[in-house]
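Can you read through this structure? Questions will come right after.
Going by the order they are written in, the chains are A, B, C, D, E and F; count residues from 1 in each one.
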Amino acid sequence: MSTSKRFLVISRRPPYGSSHARDALDTALTTAVFEQPVSMLFLDDGVYQLLQAQQPAGIQQKNLGATLSALPMYDIDQLYVCDSALRSRGLSLDDCLLPVQLLDGNAIAQLIRNHDVVLSF
Amino acid sequence: MIFSLLVYAAPHSHQGAESAYRFAVACLAQGHSIHRVFFYGDGIHGASALAAPPQDEPNLPARWQALAQAHELDLVVCIAAAVRRGLLDANEARRYEKPGHNLHQGFELSGLGQLAEAAIVSDRMITFGA
Amino acid sequence: MTLHTLNRAPSDTALLTDCLRACSSGDTLLLIEDGVYCALAEQPIAWPAGVNVCALTADVAARGLDSRLASSISQVDDADFVQLCCEHARVISWY
Amino acid sequence: MSTSKRFLVISRRPPYGSSHARDALDTALTTAVFEQPVSMLFLDDGVYQLLQAQQPAGIQQKNLGATLSALPMYDIDQLYVCDSALRSRGLSLDDCLLPVQLLDGNAIAQLIRNHDVVLSF
Amino acid sequence: MTLHTLNRAPSDTALLTDCLRACSSGDTLLLIEDGVYCALAEQPIAWPAGVNVCALTADVAARGLDSRLASSISQVDDADFVQLCCEHARVISWY
Amino acid sequence: MIFSLLVYAAPHSHQGAESAYRFAVACLAQGHSIHRVFFYGDGIHGASALAAPPQDEPNLPARWQALAQAHELDLVVCIAAAVRRGLLDANEARRYEKPGHNLHQGFELSGLGQLAEAAIVSDRMITFGA
């Protein structure tokens, strides 16, 4: 595995209701451990993963927000959010639990063209 | 009141599986009775004897079994949904000549008629979907 | 009277529309799981008149929405959920 | 089981993509075998189940339309369709493979009030 | 250039919107499974300019849509699906 | 070309499981090679040894195994997704002290790293979702 590929993980489901968000996150983390450059893009209800103050103990799940906060420690610092997904939900960057970059539609299409492998959840 | 539950969501994939269990606990705590919990569709995976979730995630099949023992409720898994998805009891394993079986103790495989019967004899039927 | 539960975010517009269309005055709509995102103050939904809308506490807390709910929506716990089932003649799950 | 209850099965998913439509149908058929009165209500993409000329052999599935056509033989003849679901898809009763009744929003709420048990898929 | 697959009906408006927003001119969108309902002539969708839209034959036939497709949408078989994967640099699955 | 597939849909619940298999057959028929099929999320149920579908529905685990034998492709199931959902091989059954195992012959349990590795060494990675 001498080659390296640019990975993009797209996460568009809200946390906790289904395992999609967790699976996207685990995929990004594992790919980073393999020393591949990984970006993450949050679309649609996936932006809800970024909300602060998640307390899932009452529904017997692990805190996804806490895991997300750790992404930069795994060198996953290219984090992107669809700005219309955020704005249409009345949210802003201040509501997010870690620093992310806002992208509009053209920039999302551009982001995709800059990656070799795109995995969506 | 007499409740029955329809569980249509699989543990670890959809929250509905855990919501159903929490509802059942609350229901019994208030003194209601549960006639039957019917597992259908992907919900049948909630009756697996082989599930080994991480320590910080609940083992729902084991919890259902304990709840059923303590409160005499009926845990029924749709046999048609289960068999096609690979959840078998000893009888079905023999019938289909499969090398093992994996239905958790305390659950039984039966027909979809048990869902209709549960709805008829219960005051309320609540579905937990995926 | 009917208790409706809804477990998807409002981005599933078709589900929310069907659920609201099926509500009669006097019904209760309980938002559970990802359905609690329908309760956000920032994204107000035009609830049908005469329908009581509430959200399940554990699901609200899990998703960090405690301080974000619309004021018209009350939070209920698991015991209340059971009680609501008793108070209504039937339960429909929208998922 | 001397009592009898009026069952309503709501089916709102398209056929074939997932097992929801088949499970709704099996539930209705089984309930009818138990000699309970069963109505079916097709909402949203569930109306696509009613389209003629389904040929699922190429995707290794059973013909759901054929099973639906048999509903009246099992005394399931109270079949309802949301008229806005049908119309917004550019479809009419002529496109349906069996006779169904159109309901508007008020009539759907009324239908629900007339049933004791509602199972949705 | 990217091959996009989409497997949900257009009632999932959020998915369809995200998919179309992610398309660049020169991309191909292949409708599979319940995604073939997006190809109906009765419910025309405003496809982005420069994007080639096609639908998987087996899924079109399964759902009885053969005579109902919009004329701008071509049908492709499983072999064509493989070929499209080869002709595009990456594949994104919208589901 | 070298393909790898990510199967994220369960047989009998979502069509994606069957679509993935059909794609693999078409791929091989055109002379391409498949490096790996990776089963993740609910897709892991496509590797069950105990599935007994009705005669008019395909047995996908058996078909994958036959395809893998004929074309030397690698069928890998995400171990974390599998174990929590009750899909075990003999090793994991021993480790978790479960009474049996149900991974179909021809499949192997391994880490999510095998998905990353497959994407790196393959020309194309195609996901079949649910």
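By our rule, a residue touches a chain if its C-beta (ideal position, glycine included) is under 8 Å from a C-beta of that chain, and two chains touch if they have at least 3 such contacts.
Values in this document were obtained by computation on a predicted structure and should not be read as measured data.
Counting only chains that touch, the fewest steps needed to get from chain B to chain C is 1.
Of all chains in the assembly, those touching chain A and also chain B are C, F. The set of chains touching chain C and also touching chain D is given as B, E. Just count the C-beta contacts per chain pair and the biggest one is B-F.
Set against the Cα centre of chain E, the chain with the most distant centre is B.
Shared residue numbers account for over half of those found at the interface formed by chain B and chain F, and the copies are therefore classed as meeting with the same residues.
Of all chains, the one whose CA centroid is most distant from that of chain A is D. A straight line joining the Cα centres of chain B and chain D is 25 Å long.
Look at where the CA atoms of chain B average out and do the same for chain E: the two points lie 38 Å apart.
Within chain A, residues 16-19, 44-45, 59, 61, 117, 120 each touch two or more of the remaining chains.
Touching two or more other chains at once are residues 8, 12-13, 15, 19, 22, 41, 57, 81, 125, 127, 129-130 of chain B.
Each of residues 7, 11, 14, 33-34, 58, 90-91, 93, 95 in chain E touches at least two other chains.
Because contacts link the chains in a way that matches no line, ring, star or complete pattern, their graph is best described as other. Counting only pairs that meet the touch rule, the chains in contact are A-B, A-C, A-E, A-F, B-C, B-D, B-F, C-D, C-E, D-E, D-F, E-F. The residues of chain C lying in touch with chain E in their complex are 11-14. Of all residues in chain D, only 10, 12, 43-45, 82, 105, 108-110, 112-113, 115-118, 120 touch chain C in the complex they form.
In the complex of the two chains, the chain A residues touching chain C come out as 14-18, 44-45, 48, 51-56, 58-59, 61, 65, 88-91.
Those residues of chain B that touch chain A in the shared complex are 12-15, 18-19, 22, 56-58, 130. Contact residues on chain E toward chain D in their complex (touch as defined above): 7-9, 11, 33-34, 37, 40-43, 57-59, 61-67.
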